[in-house]
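In the two complexes that follow, subunit A is the common piece, with subunit B as its partner first and subunit C second.
Right after this comes the complex of A and B.
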C-alpha cells in the first residue's frame, strides 16, 4: 500500500500556510478514503440485493416456510426430500440432457464451423466476415422471442418443419415436437443449438486467430497431416477458450428456464421440466419457499462442482490464470 | 483479418498436388456454411414475413416469403387494441434506467478498484468476482419476499434496482480503467483538480468505448429479461414486452400474427444498436471471453 504523503504536493506540508487539523488530515488521507465513497453505492446495492438474499436463501433451505408463515427449522429435511423427489430427479435428468446436448452437439459444431471459416477452405476475407456476421443473427433475439418463433415452427398440424416433413415423406413423418414425450428434449436442444452455436463459434474464431499461423504451417511442412495439426497444435493451444466455452455452456444449460417454460410448459409429463422451472413452480405456484431455496442451493452445488471438474479436466490449475 | 488469407495453397511445390482437390473442398465447405447461414436466418425471416400475413395465411404451404399482399392488421391491432405501446415504453424505461444506474455504479467502483490503493481492496474485489459463479436463481425467493415488503411489486423500481450492481460490469469497468494512464491523473492533481473532477473530466471521457460496450451489455440483458419480470409483475399495465408477448397468443394459443408482429418490433431496438454500434456490440459479446 502506498503511503499517503507520497501523493501530497511536494514540499507543501512544511511551508507556511499549510492546512492544519482536519484539512491536513484530509489532505494526507483523502486518496485512501475517497475510493470508499466510490465503491459504496455499488456495495450498498450489492449487499442488500445480492449478498443478503444469498445468505437468507441458505438459511431458508434448512427451514420449512409455506407462504408468509414464520420459517421453522427442520435441519436437512428439505435436502433429504429432494433426493427422494421424483419430479426433482426428472428435472435434474432433463437439465443434464440439455447440458449434454450443448456439450456434444453445440460445442463440436461451433468448433467445426469456426475451424472451417478460419481455414483456407474460405479463402476470401469478405466471406469470412459475412459468415461471422451471420453468427450474430440468433443473438439479436431474446429467449422469449426465439421460443415463440420455434413454437410456430414446431406446430404439429401446420408448422413449417412438419409441413416439409409431410411434403417429403408423407403424413406418417409428422413429429410431435412439443407434445411427444420422447421428442421434447430434442426439440429444446435444437432451439438451443440454433441460439448459441453462433456465439460459441465466434469465441472459437477469436481463439483460432490468436494461434500463430507459423506453428501450424511449420508442422504441416514437417509432414504432419491436418488431423495431427488439429490435435497436436490447435486444440492444445485453444484450451483456455474451450474451457471458457464449456463452463459457460454448462452453466447456461443448468440455468435454462424460458425455452422449456414457453415451448412446452415443462411437459408432457415433466419430460422437459428444467431445474429452474421446478424451483419457480415450487416457490411461486406452491409457495413452498424453504423447499425452493433448497432447490436453489442444490443448483449452486451442481454448478460449482461441474465448474471445478471442468477446470481440473482442462488442467487450468497448472497455470496461473 | 487480412493476415488470415496470406497463404495461398499453391505457394509451395509441396501443395501443388492438393490444389485441385482443394477447389472441390472449398466449394463443398462453403456450400455447407451457406446452408448454416440459411438455417440461422430462416426463423428470423419467417417471423418477419408471417407478421405481415393474416392468420389463415401464416400456415399455408409451401411458404411464401413475400406475402401476396402486405397485411398490416397485426400491427394496427397491436397498437390499437392491445397495450403494446405501453409495454414497449415500460421495457424502454426499465432498460434505460437500469443501464444508467449500472453504468454509474460500475464505472465509479471499477475506477476506484483500478486506480486507487486502499485497505481491503483485494478482498472486496474477490468477493464481487466470487458472486459471478452463483446462479442468480438462488436469490429469487428472498429477493421476492423483500420486494413484497418494500411494496415494489408492479413498479419500475423492482426491475431497475435489484440487479443494477452487476458483478460482470464492475469486472469490465476495472479492466478498462486499468488502461488509463496514471500520469494523467497525477498531472491533474498537481493542477489542483479534485478527485471527483478527475473522474468526470479524465476517466469518463477516456473510457467512452467502455461505456458503450457496457451500456450495450446492460441494455440488452435488461431488454431480454424474462424470469424476474415474470415473478414480480402481475399487473398487465406494468408488463414488459417479453412478459406480454406470450399472452398475445390469446386464449386458444393461436393468434400467431399478433405475437410475431410484437416480436418483430421488440427486436428492432436491438438490431438498431447492433448496426449503429457494431464494433462495441461485438466487443461486448466477446468481453465474456475475457474471463477465460
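Right after this comes the complex of A and C.
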C-alpha cells in the first residue's frame, strides 16, 4: 500500500526520486530556513554571553547568593538593603557628581572647542584637521595609561601640578589630589574632561558643519550679533546633536569604572567610588552575587530614567511643526 | 563514486554544519565532570601523563615550584606529572578563580590565592577548596602556622598553605640615629617616639610614616600586641582598648608631635608604590614596618636601592602595647586545591613536595623569601650576612621571630571589613585627627550591616 507521503497534496503520485517525508518538507521550506542558520551564530553567542547573564542576574537580584552556595529567594531584600546602604548612596552621589561634571564642564567646553575649530579663527583646512585629530587622541589613549599619567601629575610630593603650586605659592599650597577626600572627585572630573571632551567636540563640529551658512549670514545681515546668532540659530539647530551628546555623556558617566578604579581605587573614604566599581567589588571581591545583581539593575533603572528625562527635556518626543 | 557525488553540495554542507553546531552546543551545555573532591580512587595510574594546571597572579609564584620540582628530584621520580603554570594579572586571575569555583567549569588543579582575596571563598555554606588539615597532619608542627595556614583557614580547617613566613619587623636607618646620638634598636614604641622628636628637630625627618589609606600598620601592631583583627567568628576584634591605644599612638605622632607623616602612597596602590620608596631615598623617613617582602631587603632596586648601603638595620617590632610580642604576619599567597580539580592527588603531591620539604628553599634562592617551613630555617642559604644591613644576618632574626609568630583568624567579610575600617576609622583618625571613640562607634553598626547583606 502506498504511503501518503508518496502523493502530492493534489493527490498525484510523485515521480521516482522525488523527495518524500522529511526530505520533501525540507525541500519545500529550505529557502525559508537556511537564512536562519547563517544568522544563528550571532544569536547563539548573544543568547549565551548577553541575554542569559541579563536574565540570570535579574533572577539573582531577588536571591541571596554568597560564594558558591545555592541561591535562596529573599524577594526584594537586596533592593531594600541598597536603599539603606551608605556605600551605595555615596557611590551614587559620586557618580552623579561625575555626570554633572560632564554636563556642566565637559559639554560646554566641547561646544566651545568645536565652535572655535569651526570658526574663522582657524581658517586653514589642515589646521582644522590637526585640531580634530588632536581632540581624538585622548580617547585613543587607554584608560590605564591615562590614569597612570594623571597619577604622576597628581602625586602629592613630586607631582607636576604640586611642583608648580609649591613654586608659585610655597609648601602650604600642596593639594592631596588623590589622597584628600574633599578634592578627589575634582581630580577624577579633570581626568574625565581630558579624556572625553575631545570626542564630544567632534560631534559638535559635525553638527555645526551641517548648519546652513545662509541662515547665519541672513541673521547677521538683519543685524543680529554673534550672541543672537548663537542662541537664536546655532543652538536650536544643534538640538539633536546636543541631545545625543548629553545622553551619551550622562550614560557614560553613570557607567564610569576604569578611571576612578585605576587612579584612586574608589578612595579615600569611598569619595571617588563609582556605582560600577561598587558593583564590581560586591560581585568579585566580596563574592555577593545577589546583591551585586541588585546594584546592576538599580543602575539600569537610573540610566533609563535619566535618558527619558533627557529626551523629554530636549523635546525629543515632540513632533516638529 | 562519480565526480558529482564526491563534491559537497550546499545542502549537505548546511546539513553537516547544522549537525556539528548542534553537537558542539550539546557538548557545551553538558554538566561539568563530577567534582573529584580529593578522592584518591579517581587518581590515574602512574604511567598516565598528568598535567597539573596551576593559576597565579605572578610568574615567579609558579616558576619556583617548577624549578623546585626539577632541582630537588620530584620531576625525576614522577616523570608522568608535569606542571602547567597559567599567569594573569592579580585582579583578573582572582576573578577567574571565583568564576571557575562558582560555575565548576575550567577549574585548575592548583590556585594560588592571595590572603586578601581568600575571604571571598569562605562566603556561603560551601567552600571551593579541599580541606588540607588531615593531609598536612602532624607536619603542622613544622609550619609557622600564623603565616603558613591561618589566612587560608576557616572554622578549624586549612584550605591552603603559604610558603612565606611573613614575620614583620621594623627596619630603621641606623646611621641617621647614630649621627644624632640615639641608641638603637628600639625597645619600645615610646623609645621610637622620643627618638622621633630629636630626629625631627635635628634633621627635619619623619621617624616613620603611618599608612592612612590602609589598615596594615594598625593590623601589624595589633597582632604583635596580642590583639585580633578578626576573631574566630570572623568579627572585627580591634574595637577595644588595645586597638584604641595603638591608633591613638599613631594619631599622636602625626598630629600632636609632628614626628610621623601619612605614608606617601597613591590612591590605587596604598601600601608601597614607587613614590613610597622615593621618600626614603629623599631622606624623608627613617623607619618602616613590614614583612620580609616589604622591608627584608631594602637594597633591592624596587625598594630603596643603591645609595644607603650599610645604613639600615632590622629589629623586632618594638614593645609597649598589650603583650609586646616581637612580630606579626602580614600578607602571603597560598597554594590551594579546588574540590573540582581534575588531578587533586597529583596537585597535593606537588604541594607536599614543594612546601613540606627542603625544596621550599628554591623560592628563597630565587626571590630571597624566608620559608614558613621551620626545619629549613637554619639553612645557610637563609643565614648569609646582608651587606645593605652592614652584614646583619637577618635570617637569624627572622627565625627568632618566626618561632614567636602569633596566630590569627580569617574572616569571610575581610575585604568589606577592611574597607569599612579604613573609611570609618583609619583615614579619618590619621588624616583628620578624628575622635577615635566616635570613629569606632560609627564603625560598629556598619560592620553589622555588612554581615547582614
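Operating definition for what follows: the second predicted complex is superposed on the first by the 285 of 321 C-alpha atoms of A that agree within 3 Å, B and C clash if a C-alpha of one lies under 4 Å from a C-alpha of the other, contacts with A are read in each partner's own complex, and residues count from 1 in each chain.
We adopt the following convention: contacts are C-beta pairs under 8 Å (C-beta built on N, C-alpha and C of every residue); 3 or more make two chains touch, one makes a residue touch a chain.
Given the structure is predicted, the values throughout are model-derived calculations rather than measurements.
In the model built by aligning both structures on subunit A, subunit B clashes with subunit C. Once the two structures are superposed, subunit B and subunit C can be ranked by residues of subunit A touched, with B on top.
Look at A:98: by the touch rule set out above, it reaches neither subunit B nor subunit C. Contacts of A:85 after superposition on the shared chain: subunit C is touched, whereas subunit B is not. When the two structures are aligned on the shared chain, A:67 is found in touch with subunit C, with no touch to subunit B. Within the superposed three-chain model, A:265 lies in touch with subunit C and out of touch with subunit B [touch as defined at top].
Contacts of A:125 after superposition on the shared chain: subunit B is touched, whereas subunit C is not.
In the overlay built on the shared chain, the residue A:285 is in contact with subunit C alone; subunit B does not reach it.
Touch criterion met: A:178 reaches subunit C, while subunit B stays clear of it. When the two structures are aligned on the shared chain, A:113 is found in touch with subunit B, with no touch to subunit C.
Contacts of A:136 after superposition on the shared chain: subunit B is touched, whereas subunit C is not.
Shared interface residues of subunit A, touching subunit B in one complex and subunit C in the other, are 30, 34, 155, 157-158, 262, 284, 289.
Those residues of subunit A that touch subunit C in the complex are listed here as 30, 34, 37, 40, 44, 65-69, 81, 84-86, 147, 151, 155-158, 178-181, 184, 261-265, 267-270, 272, 281, 284-289, 291. Considering their complex, residues 11, 14, 17-18, 21, 25, 91, 94-95, 98, 101-102, 117, 120-128, 213, 262, 264-268, 270, 275, 278-279, 282, 284, 412-413, 415-416, 419, 422-423, 427-428, 431, 446, 449, 452-453 of subunit C touch subunit A.
On subunit A, the positions that touch subunit B within their shared complex are 1-2, 7, 9, 30-36, 38-39, 41-43, 45-46, 49-54, 56-57, 60, 113, 116-118, 120-125, 127-131, 134-146, 148-150, 152-153, 155, 157-160, 163, 167, 194, 198-199, 202-203, 206-207, 209, 213, 217, 221, 240-241, 243-245, 247-248, 251, 254-255, 257-258, 262, 276, 279-280, 283-284, 289, 292-293, 296-297, 299-300, 303-304, 307. The touching residues of subunit B, when paired with subunit A in their complex, are 1-9, 12, 14, 22, 25-26, 29-30, 32-33, 36-37, 39-41, 43-44, 46-47, 50, 58-59, 61-63, 104-106, 108-109, 111-113, 116-119, 121, 124, 128, 131, 133-146, 161-165, 167, 170, 189-190, 195, 199, 223-224, 226-227, 230-231, 242, 245-246, 249, 256, 259-260, 263, 266-267, 270-271, 274, 281-282, 285-286, 288-289, 291-292.
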